[in-house]
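Below you will find the structure I want to go over with you.
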Amino acid sequence: QAQPALTVFAAASLTNAFQDIGKLYKAKTGQEVAFSFAASSALAKQLEAGAPAAIFASADNKWMDYTEAKDLTLKATRVTPIGNSLVLIMPADTATPVTFDASFDWLAFLGTDGRIATGLTDSVPAGIYAKAALTSLGAWDKVQPRIVGAESVRAALALVERGEARAGIVYSTDAAIAKNVKVVATFPAGSHPPVEYPFEIVKGQDNPATRAFFDFLTGPEAKVVYAKYGFVVK
Amino acid sequence: MLTPEEWTAVALSLRVAFWATFWSLPVAVLTAFVLARSRFAGKSLLDGLVYLPLVLPKVVVGYLLLLTLGGRGLIGQYLDAWFGIKLIFTTAGATVAAAVVSFPLTVNAIRLALEAVDRGLETAARTLGASRLDVFFSVTLPLMLPGILSGALLAIASALGEFGATITFVSNVEGQTRTIPLAIYSATHMPDGDAMALRLTLVSVVLALGSLLLASLCDRRIRVMIGRA
Amino acid sequence: MIEVEFRLARPGGFTLECGFAVPARGVTALFGRSGAGKTTIIQAVAGVVRPDAGRIVVDGEVFFDSARGIDVPIEARRVGYVFQDSRLFPHLKVEGNLRYGERRSRAAERRIGFDAVVDLLGIGPLLARRPHTLSGGERQRVAIGRALLAQPRLLLMDEPLAALDGARKAEILPYLERLRDTMGLPILYVSHALDEVLRLADTLVALREGRQVAAGPLAQVMSRPDMLPVLGRFDLGTLLDCEVVRHDAAYGLSTLAFSGGELRVPQVERAVGGKVRARVRARDVAIALAKPEGVSVSNLLPAVVEEVRAQEGPYADIALRVGETQLAAMVTRESVERLGLRPGLPVWAMVKSVAVEGSRPEFLDAGL
Amino acid sequence: MLTPEEWTAVALSLRVAFWATFWSLPVAVLTAFVLARSRFAGKSLLDGLVYLPLVLPKVVVGYLLLLTLGGRGLIGQYLDAWFGIKLIFTTAGATVAAAVVSFPLTVNAIRLALEAVDRGLETAARTLGASRLDVFFSVTLPLMLPGILSGALLAIASALGEFGATITFVSNVEGQTRTIPLAIYSATHMPDGDAMALRLTLVSVVLALGSLLLASLCDRRIRVMIGRA
Amino acid sequence: MIEVEFRLARPGGFTLECGFAVPARGVTALFGRSGAGKTTIIQAVAGVVRPDAGRIVVDGEVFFDSARGIDVPIEARRVGYVFQDSRLFPHLKVEGNLRYGERRSRAAERRIGFDAVVDLLGIGPLLARRPHTLSGGERQRVAIGRALLAQPRLLLMDEPLAALDGARKAEILPYLERLRDTMGLPILYVSHALDEVLRLADTLVALREGRQVAAGPLAQVMSRPDMLPVLGRFDLGTLLDCEVVRHDAAYGLSTLAFSGGELRVPQVERAVGGKVRARVRARDVAIALAKPEGVSVSNLLPAVVEEVRAQEGPYADIALRVGETQLAAMVTRESVERLGLRPGLPVWAMVKSVAVEGSRPEFLDAGL
């Protein structure tokens, strides 16, 4: 086709949804869209280094703030069409529902050497949210030595799936697709900053072609896809 | 067996591995030669520099590449402005990342082979009228071929497995920079990606064994040729 | 001229000091015991090791001069070097090894032909072989061929024949002599084997523990009494400069004249009037009081006993005067007494013609 | 200069690199010897297996380690049940990951050095009454020391830089498995982590140059010792 | 007995076939031209190469037997091997090299002492040196020492002295002889140098292009006419088994009796009545028609011409009968004619005592 492919930077957790949306878009308009799925941080750094992407979809607000602050993306175009919720999961065979009240004893729950798997608590968004949630629940200091930080939510999920970790803190979207885990609790919305996926158009790329796809990403067809993969559609 | 998307990743991986090896090999030979055979002031520094990509996390290597060779990088901006060479996002960039990461391995292998070359033979060649350069090409190089082959094998293998520097430097764009490892990474982020990850892992294994087999065939022939069979 | 004069200290205490100027013609032998420094000299001339101080000049061209900061690179010196260990290229077949230097020589300077060298060294059947499949002697023959084919203007040979059998040695020696004689290719030649040295050398540089003991024309050096410890007793002898006076084709003999008389030797190839050199080992000279009749020894020379040096052991060294020439003889002390040998006594020297040795190709059949 | 947290990471990295090298080196020497000197049926397979960690994305390597050596892994469960050895989430596990990833490099370096050893010397040793094993220790091993050193250097370097397999296999547990690369990785994923990333990168560089310097000192001494200076 | 009998084909067309059984005492020389297969035989005995088929038995112990599937590993054969290239361990100093085999020998079997070997080989000053700093000859001396100190029960030497100078050779040869004689250490010895072979060898195996030409006691093999092409003409001679009959201490001479008469030679160390062997080279025998008087030659033997073989070139080979012994002489064809030599003619053989050579230590001072 005549038009050159449009490149979209998207957080790795958006892989499925965006690929589906890309196909829908191509079927509808004939426009090819190329995606690059990586950690939001890596994508932000690449934009900073001059990567010619058109759209940036981050997995958290911090990296979008970062690109905005560096004047790499257009603040005015920011939308946050989807979000996610944070859940506590356990392997399906040992799962027991829990409630996060004052009486919940995390250490008893984990046993002598049980671990909680999540993303790196200082860099992977899910881990950052998990830390915030545990802190606000007053459990962080006790639990911190038991936290194992994985390189991505997926890796954390795998640790729980295989029973290597007694529990995990991941997004509900991830929990939804995993086979051998059960959600045993959802962290209260107020216990951590909202999990949001802000999208922005990259500076200098605000042209009709970009706009068209950007709008499609927030349109009704896309929302169906998001819902399918368990995202909280706003 | 493989989806078109997967084939793309495999083809790309092969191209990247081939070109990364192709371009880095001569530089590696030169570097190894300089490190093994000459003495100069900054040698320890060069030595250190060569091993740096090995000792740093690949993500950091990718980040440093981004800083230097990215579109706004120290060198990258001139590459683009003067020669129109764009590395970020491109297969060329992925090739550079693979080459940089495999470079220490290649240099090391070649250097060990070079040090095993009998310098008496080089002296003999010079008494027969060959200049230093001529000696290098007619005696030293043929005798260190097993080492170069071994270096090339390491380069190909590590290029096939390279992930961190690539994704950090040139991102993960299908058909451009999404090599097998990046495709595996993407696959693990898809709910039904396990099968795909497994398939691609198997392809990696097959490629690795294939290049090994090829290398060991070449090796045997080379050894017969240089009389070290 | 080949002028070599340098000082070189090796780590470990060995220091070499030498200084000689020899004609850039013919063969100069470096002679001395193991560890004397022969290889070191060759290496310095080739440019493989760098002397601490000194000068090396070959045929007017300065190879090395520490005072003037000159150090010509190895490959520009164009010296053919046959190493003590053959150093064949393992990645090339025998032919590739032979051609290596030839290809790098200027076409105009190719005086030494491939086929001739291959024939001579008997390495035709080996051409397609790899060096590691060769026997020790085969390897060394190929190494000699390789050096020759590089068309050098100076040949350095470090015990090149040590690994060769007598017959092969005898075959190669004349070729080296021919090279030397017909191409004016000077050779610096290291050898332990006195017979090789005597056959080949015009000039001798004798070394002992890093010191130069003597240097000069072969005959002159050989007759110096201080050479005895270097040469060993049984190789002592006399060198005679001779002129060919007659050939006797029927018997295959030639007659040579020297200042003290005539010698009959196996036919030499030089024309009548040509100069040749003969060597008579002291142990091959017997003494008779009267002219012996009816003996197979055909060289009987009237002589006068000049000196009798009785030595330890059973032998005595006798200096005879034959015309103007001093001839060394070696007999038992018992014979000295029995014959009453004393200075001034007129005697006959009996020299078996078969024992005549020379330093020229013409004497090939005569020597050892 | 460094925060306590960073010091912990540095100390841990050094420990992991040291022990990974320490344990893998003898195995690497043995493997290199077998690969270089013997012929048997499954040799190509072993060869391939050795190079596998190099050719696969490190994350996959980590995942495979998890599958085999994890607490519920094929082998891991018995390690735990029978010997009480826990690898997952422990420093020991980080060491294993580093060792596995550096193994192909070490083997390759040692193998090249081994092939350069003159077999004539080994034969000579045997005529002097030394058994094969004795020959190995008294002749072959000393002569290949430069290669072993080079292999050890590569092992240390790649252990210092190992990230993907470590984080996948043993995750990031502070004081247990959080080595420098993991700390750097975290830092680069924080918007304000650049300074920390830079500091730790510098530490990596210093460690790398330090080990190189040490290695080249050793190398010189070894070479003098084995008469190849 | 050392029984060696095998077939071995090298890639490239060379095939070696040999079969000999020689006493496991004394020195057995392997003699032949470059590429004849000498090293290959040594290697097979050491276990370094494996024959295609055959048997190798040393002193009753089977080293190799293809029929019975026996192939004793190299280190269990306990052979000392001096390689053509010295193969010193570069990572050990000279002393370390020397001690290498010694340490691995059983203490009870250490008959050869470290200091004795170091002294003899003159390598004392080298002990702390590294092999790559040694000269070619020094290296070879250390290699010999290393093999000796491994206390072998069989010594294999592949041209061990080729890199040594004459004086050093002369120094080492007697030690090898002493080893052989006093320790019953059998030696398989490869050499091109006939003088070495004659000095050392009791038994000779002659090879030519992979075929065994002859094998047997030295004297027997040497006198076979088909050995001429192997040995070369000028080394032809006669070996005489003698008994010591008298010593003449004043003159430093001994008198030996053989079946054809007596010979006076430099004093031998053997007691009166002892057996020794002497060698007379054909070229050192002159012929006289009448008994020469007043000549320094002290060995004059009445003889009868048995055969005159005129040959090409200037020389003729003469077979003389002295008592029961055949003695070879070599004179010019001219002399044959001049003296009218023909079968049946009674003559005198003149043998210069200094030319007497032997194969036993007692003759050290007499030979080359």
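As written, the chain order gives the labels A, B, C, D and E, with residue 1 at the start of each chain.
Going forward, a residue touches a chain if its C-beta (ideal position, glycine included) is under 8 Å from a C-beta of that chain, and two chains touch if they have at least 3 such contacts.
Keep in mind that this is a model prediction, so the values were computed, not measured.
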| item | value |
| --- | --- |
| Shared interface partners, meaning chains that touch chain D and chain E | none |
| Most distant chain from chain B by Cα centroid | E |
| Farthest-lying chain, centroid of Cα atoms versus that of chain D | C |
| Whole-Å gap between the CA centroids of chain B and chain D | 20 |
| Chain C and chain E, separation of their C-alpha mean positions in angstrom | 26 |
| Separation of mean Cα positions, chain B and chain A [Å, integer] | 34 |
| Interchain centroid distance [CA atoms averaged], chain B/chain C, Å | 57 |
| Chain E, residues touching no fewer than two other chains | 85 |
| Contacts with two or more other chains, residues of chain B listed in rising order | 59, 63, 185, 188, 228 |
| Chain A: positions in contact with at least two other chains | 42, 45, 155, 158 |
| Chain pairs in mutual contact under the definition given at the outset | A-B, A-D, B-C, B-D, C-E, D-E |
| Touch list for chain C against partner chain E, complex | 10-12, 32-35, 38-39, 84-85, 129, 133-138, 141, 158-159, 162-170, 192-194, 232, 234-235, 248, 251-253, 264, 266-267, 283-284, 286-290, 292-298, 313-315, 329-335, 337-339, 341, 350, 352-355, 365, 367-368 |
| Residue ranges of chain A touching chain B (in the complex, touch as defined) | 7, 9, 12-13, 15-16, 19, 34-38, 42-43, 45-46, 48-53, 152, 154-155, 158, 176-178, 229 |
| Chain D-facing residues of chain A, complex | 39, 41-42, 44-45, 62-63, 65-66, 115, 117, 120, 122-124, 147-151, 155, 158-159, 162-164 |
| For the chain C and chain B complex, residues of the former touching the latter | 46, 48, 73-75, 77-81, 83, 85, 87, 89-91, 100-101, 104-105, 130-132, 146-147, 150 |
| Complex interface listing, chain D residues touching chain E | 118, 120-121, 123-132, 134, 138-139, 142-143, 225-228 |
